[in-house]
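The data blocks that follow each hold one structure.
Each of the next two complexes has chain A plus one more chain, namely chain B in the first and chain C in the second.
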Partner chain A sequence: MSENVGIVIVSHSADVARGTALMVEQMVGREVPLGWCGGDPRGGLGTSVEAIMAAIDRAWSEKGVAILVDLGGAETNSEMAIEMLPESRRDRVVVCNAPVVEGAVMAATEAASGATLETVRRTAEELTPA
Partner chain B sequence: MMIDRQARKVLFETVAHRVIASADELTDLDRAIGDGDHGINMRRGFEAVLAAVDELSAKDLGESLKGLGTTLVMKVGGASGPLYGTLFMSLGKSLKDEVTCEQAADALAAAIEAVKARGKSDVGQKTMLDVFSPVLGVLREGGAGLSARLKSTARAAAENTIPMRAIRGRASFLGERSIGHMDPGARSSALIVDAVADVMEGFA
Partner chain C sequence: MNKVRASVLMRHEVGLHARPSVKLTKLAKAFESRIDLGLSPDGPWVDAKSIVKVMATKAPKDSTIYFRAEGTDARAAVEALVTLVDGDFQDGR
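Our next item is the complex of A and B:
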């Protein structure tokens, strides 16, 4: 079990999600638990609550999980996925209001330093213009 | 009105068949102002509902609506999955097999609030809420010819989204260019209201 906050990447595109995950791994290696998913339940563009829940599970850390999303449906589906988690996990997962690629890399770099979930989220969200 | 197992099955099947039959129209509407997948996503979700309809309708109305909502959440894929899922799951929280018009209105009011919270949206933003909100008004009035009034209200409400500017969802990226097209979510909502009203008419 990792000591660091986990990162989940949710894109409408499996290619974007996988590419972003590779960029994250280049920065932090295996120091940060990482999950990613992209595409709808039949492999087209879109997002899937089921896949997001599985990605959260893969990236699970007792310190929590920060999710980075691309467009609207990814955010709505991620929020839905969080609500469907067991109650003990629900309040330790957050969706960051940040661009998916830059946000994931920044959040993972912060997470690798052992930062708390709140700090990881704030670091990612600094990328978003106020 | 008593909504027993057979009524639940007819209700879910009718809603599913109507949505599936209009999938191409929904996709065309979404292609104009969104990402062009609304019909495809809704068809996938309601095909899953049809596949599970016996199992779903065997439970009481509350649990079967929750099951329907969960199926849509898991299978639809786009933002409409969680939005419709939340709507049906919320309806299932309060409805019992024996439903009065007033109870249905209270349940719909709560479901509308849940959808607003899920989508961080409100009436007037070119969404499904622009259909369900006036439909709730008619349901609250109740009275004679309710089914016909629900249907005409839903249809007109969907058309009223044409001049609206989208504030939420992919269509909001288009800004002014979202004006002049019917919102696909409003259209699918009207289809669902239409199907429910037709079924209720048969059981009233």
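Our next item is the complex of A and C:
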């Protein structure tokens, strides 16, 4: 069980999600649990609640999971995925209001130091102009 | 409390861009002390543990990086950070 907050990347594009996850792994390292998903099951653009739930499961940490999303449906489906989680986990998953690639790298850098979920989210959201 | 200052010339090819910033921030976070980073001996200073602020300095190649630290492990922190920058960010992790 990792002691670090996990990071989940949700994009409409599987390539963007995979590429972002690679950037996190190579720039920050593997000490942060990581999950990603993107695209619809037929290979097109889109996001799916089931895939997001599976990604949360892969990145699960007792300290919680921060989700980075790209556009519209990625956010609403992520919120739906959180609602469908077991009650014991629901309160420990947040969607960050931050750009997906930059936010994922910033959040993972913070998470790697053992920061709390709230601190990880705040660091990712520092990027967003008020 | 210990207060320590040091500076180091950064020769890294791309300057304090994404990867070097991540390495520097991660290393800074390993210490208890408060650590600031600046591009001049008088600041302005940014929190060396803040990835967003460190990256935002956009320090180019051949910048001199100034560190100041305050806390029980301030000396070790500054030495480690200077070594990282001086070693071209090779040994960050």
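For the reader, a short list of remarks on this structure follows.
In this text, the second predicted complex is superposed on the first by the 130 of 130 C-alpha atoms of A that agree within 3 Å, B and C clash if a C-alpha of one lies under 4 Å from a C-alpha of the other, contacts with A are read in each partner's own complex, and residues count from 1 in each chain.
As a working rule, a residue touches a chain if its C-beta (ideal position, glycine included) is under 8 Å from a C-beta of that chain, and two chains touch if they have at least 3 such contacts.
None of these values were measured; they are calculated from a predicted model.
With chain A as the common reference, chain B sits beside chain C without any clash.
Ranked by how many residues of chain A each touches, chain B and chain C are led by B. Using the contact criterion defined above for the overlaid structures, shared-chain residue A:76 touches chain B, although it does not reach chain C.
By the touch criterion defined above, A:27 lies against chain C but remains apart from chain B after alignment on the C-alpha atoms of chain A. In the superposed model, the angle subtended at the C-alpha centre of chain A by the C-alpha centres of chain B and chain C comes to 150 degrees, rounded to the nearest 10. By the touch criterion stated above, A:127 is placed in contact with chain C alone, chain B being left untouched.
Once chain A of one complex is fitted onto chain A of the other, the partner contacts of A:50 are limited to chain B, with no touch recorded for chain C.
After overlaying the two complexes on the shared chain, residue contacts for A:112 are found with chain C alone; chain B is out of touch. The gap separating chain B from chain C at its narrowest, counted between C-alpha atoms of the superposed chains, is 27 angstrom. Those residues of chain B that touch chain A in the shared complex are 35, 37, 40-41, 44, 73-75, 77-79, 81-83, 85-86, 118-119, 168-170.
Chain A meets chain C in the complex at residues 27-29, 105-106, 109-110, 112-113, 123, 126-127.
Of all residues in chain A, only 12, 40-42, 44-50, 71-73, 76-77, 79-80, 84 touch chain B in the complex they form.
Across the interface of their complex, chain A is touched by residues 18-19, 22, 25-26, 29-30, 49-52, 93 of chain C.
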